[in-house]
Amino acid sequence: MTDVLTLEGLIARIPDGAHIAIPPDYSFVAMAATRALIRRKARGLRLLGVPTTGLQADLLIGAGCVAEIEAAGVALGEAGLAPRFSAAARAGTITMRDTTCPAVHAALQAAEKGIPFMALRGILGSDLVSRRGDWRQIDNPFGADEVATDPILLLPAIAPEIALFHSPAADRDGNVWIGRRRELVTMAHAARLTLVTVEKIVEESLLASEASAAGTLPALYVSAIAEAPHGSWPLGLGDDYAADGAHLVAYAEAARSDDGFRGYLEEFVLPHVY
Amino acid sequence: MSIRANAYTPAELMIALLSREVMGLGHVVVGALSPLPAAAALLAQASGPTRATILGSKRYNSFTEGARELFDCAAEGRIDAFFLSGGQIDGSANINLVGIGDPAQPKVRFPGSFGSAYLYFLVPRIVLFREEHSQRSLVPKVDFISAPGVSPPNVYRRGGPKVLVTSLARFSFDRRFRLESIHPGHDLAEIEAATGFDFDRADPVVETGVPTKNELALIRGRIREELAEAYPIFAAGI
Amino acid sequence: MTDVLTLEGLIARIPDGAHIAIPPDYSFVAMAATRALIRRKARGLRLLGVPTTGLQADLLIGAGCVAEIEAAGVALGEAGLAPRFSAAARAGTITMRDTTCPAVHAALQAAEKGIPFMALRGILGSDLVSRRGDWRQIDNPFGADEVATDPILLLPAIAPEIALFHSPAADRDGNVWIGRRRELVTMAHAARLTLVTVEKIVEESLLASEASAAGTLPALYVSAIAEAPHGSWPLGLGDDYAADGAHLVAYAEAARSDDGFRGYLEEFVLPHVY
Amino acid sequence: MSIRANAYTPAELMIALLSREVMGLGHVVVGALSPLPAAAALLAQASGPTRATILGSKRYNSFTEGARELFDCAAEGRIDAFFLSGGQIDGSANINLVGIGDPAQPKVRFPGSFGSAYLYFLVPRIVLFREEHSQRSLVPKVDFISAPGVSPPNVYRRGGPKVLVTSLARFSFDRRFRLESIHPGHDLAEIEAATGFDFDRADPVVETGVPTKNELALIRGRIREELAEAYPIFAAGI
């Protein structure tokens, strides 16, 4: 059964130190939940960008909530570099586990399938391999050539404790609309707990027709939902609303300095009006 | 400066040059945070049979399997060209998208490797681009190899870097860079001084063809409009 | 570019001996195309049930079109055993490659990801392993225990030449509605050529809204489409129509004998009215 | 026969007994071509907190990732019980869904192994069912192992067969079958004569509890209606 909670009730399910999978900035990011996490002074979070992240991670890092981050990229899109991430990386105050996009997807798919690893082509010769240490190279057992080796990388499965995202709608049963953002399905399948904030809770079941079922994550995988209208702001949400570009540019400017970032938090995060 | 050199902006030159690198190909894909290649791919699409897939766009992206589809699509051999850049690029076409200095505590931190470590191997034609042509961006050896330019013969590799376009020149790549053409208004001495790695020279090194009237008209009209959906800030500045 | 063809034009793209992936009987089966294949006397087909098959394979086997079949199961649903399949298996006139459902899915996903193999739990100790010969057992390189081995099966990728199915709708660009039958997406991604018959071709792009895009296979993967109204009959098609149960029971009865099957072909397949 | 034994059909007895095997569990899944277990799972769902997923149903199946989701779902530990049967079942709970005789040219060909070779390992509670209780169906050794009943200790296995219900009796399984109860109207001698494998006996072997009034009312009313969507022919025959 999927629980229907308040935003704060949902956030209370995320303990300090939790390993949390989050979607990229262009897609279904739970920003209202992120602000609530900062207000409740979450600490030691380990973030997994699926496969990248941006504003969400930058805010959490700047507010001191993050111990570690694994992502293929951290940036603010057209607004440029992620200033708090860059500062923390330079200062060494967070552990950055660099990866590459398809490796994140493959590792989550391995968890989804309950297998210990997934093979992936490419990547060999990248310093990512030596920096990580948890990826293994083997000789492809199905290699055609009897003489030459066929090296291939194996990536261990990643099963996050929590998948956290925002969606345009859920129904009362806890079925959640994800449209064509199917990395959210993989995240939820791979994660132990899936927490979703939504623009609104609708009365008709999303599984009632084949048409709406096609874009729906079933409640079977959804631990709890909470309403959070405009909950992806200042990022965009599918067909519902576009990103607030001016706000993002202003954030990128403010967050260049510690003081500027603190001012941003005081104006837009701590008052609990957004 | 000649009138000709004044007739287009540096961004327009890059867009035109990058579009020529993928002109006529079947399926050209552009990753996130890449407005110049996005404009170039749309220009190729407007000029021929090319399908342009622009990540970050809803209109020019028919993927429906989420963020992993791009990579599976490349692995299936359904992508003909992709654009990549690097905070640093070295003479072996290694690219660095991670940072300067010790990666555990870098002096400068870049956003990250994104899909480069994978797509560099799987997409037949990788077009490298770097507007800044300097000793800082084009280095003898990158501080971190996000994706290697070349691989040993037993490593599965279906593609890789074929060309590098900067604000000064165009290089081809086949285990080493070779200077093919110099953009109008620049010369070999300037390029030698600004390039941190050794490179070969074509014989002859020619002058880069400037954007045509037709290219400029498309860039300033249709492409600018098409681009505004995914890159509103950049499109407004064209 | 996706070609829009007649049913016969589409079928002409399937050469004798082709390796064809087909969906299970409950979902999007191209029955009109199957009858057209029989009319054009296709020979030597190698079928892959994804992961099972039924009436479609039974008809093709009975009509002499099939050399080999790989599937986790072949049956007619509530109508019982597949009589022509059973007879051919007993007579040894087709090669049956027995498998198990998740192995088919995993092998297609491996092809989709361009990796040579996929690991899968379970299965060890089944006679399927020794009968097939193309599956390999390795010791899990990520096994936690230094002493005990952790045997796991690796399945080689399966990249079919052709994926063939039927759908309620495609648009003029060749985008095809698949709803929540996402094994069709995997089939199309893994296959070299994807051929789809559809109830109808619609004017509005299926990618026009996020809602319809969620259940759509993009034209990028679709080689050709052809209109074939009621093209899954006597099987059902999603929300469009249910299976013709009485017909299936009558088929199961008729196909018990060679004569009965020939009579069925003459009445329902060869005249080209269905 | 007693009046009590006349008060229900053999199918109703199987449905009631199978439903008790999964009663109160969180998520019970039923595969294709399994009307009896489907009815049993719906009965458990109607009687408690159980979620029943019925393959072949649209109404009682919330999977939206296609045919592979069932198997991934099991691997993720999200399925508590599943039903399996076999053309042959032997004393080690090996099941045969492939055929009798040489698999390359069998004397009798069954439909195939479906998901058994996987789910037998991944789902904690597998409920075996076989209406036909005979030397032909319950054999000393299966001709083909679709899925093995037991595995060596180093083989990853999170579940397996826990019970076997036939038209005559109920067995538990822990490396060997143990006769737990005999259905009303039958006796030990009959079961010994009809069973091809050795089995242990519980002490005491009890009489199987017959379907309750409440179970029968549900089966004949709500369950029959719910079942008709996926199994119209079977539901009509209840």
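Note that the chains take the letters A, B, C and D in the order they are written out, and that residue 1 is the start of every chain.
In this text, contacts are C-beta pairs under 8 Å (C-beta built on N, C-alpha and C of every residue); 3 or more make two chains touch, one makes a residue touch a chain.
All figures in this text were calculated on a predicted structure; none of them were measured in a lab.
Student: Spell out the chains that contact chain B while also contacting chain D.
Tutor: Both chain B and chain D are touched by A, C, going by the contact rule given at the top.
Student: Taking each chain's centre as the mean of its C-alpha atoms, give the chain farthest from chain B.
Tutor: Chain D.
Student: Would you kindly tell me how far, in whole Å, the mean C-alpha position of chain D lies from that of chain A?
Tutor: Taking the average C-alpha coordinate of chain A and of chain D, the gap between them is 41 Å.
Student: So the centre of each chain is just the mean of its C-alpha atoms; given that, what is the distance between chain A and chain B in Å?
Tutor: 28
Student: Counting in whole Å, what is the centre-to-centre distance of chain A and chain C, each centre being its mean C-alpha position?
Tutor: A distance of 35 Å separates the two centres.
Student: Among the residues of chain B, which ones contact at least 2 other chains?
Tutor: Residues 63-65, 71, 75, 122 of chain B touch two or more partner chains.
Student: Would you give the residues of chain C that are in contact with at least 2 other chains, written as numbers and ranges?
Tutor: As it turns out, chain C has residues touching two or more other chains at 109, 113-115, 120-121, 150, 152, 180, 185, 210, 213-214.
Student: What pairs of chains are touching here?
Tutor: Once each pair is checked, the touching ones are A-B, A-C, A-D, B-C, C-D.
Student: In the complex of these two chains, what residues of chain A are touching chain D?
Tutor: Listed in rising order, the residues of chain A that touch chain D are 111-115, 175, 185, 189-190, 207, 210, 213-214, 216-221.
Student: Would you mind writing out the residues of chain B in touch with chain C in their complex?
Tutor: Chain B reaches chain C through residues 27, 51, 58, 62-65, 71-78, 122.
Student: In their complex, what parts of chain A are in touch with chain C?
Tutor: For this pair, the touching residues of chain A are 106, 109, 113-121, 136, 138, 140-143, 150, 152, 154, 156, 178-180, 209-215, 238-239.
Student: Mind listing the chain B positions that touch chain A in their complex?
Tutor: So the residues of chain B touching chain A come out as 32-33, 35, 56, 63-68, 70-71, 75, 97-99, 103-109, 111-122, 144-148, 151, 154-157, 231-234.
Student: Which residues of chain C touch chain D in the complex?
Tutor: The touching residues are 23-24, 26-27, 50-52, 71-75, 77-78, 81-82, 85-86, 89-92, 96, 98-103, 105, 109, 120-128, 131, 148-152, 180-186, 245, 249.
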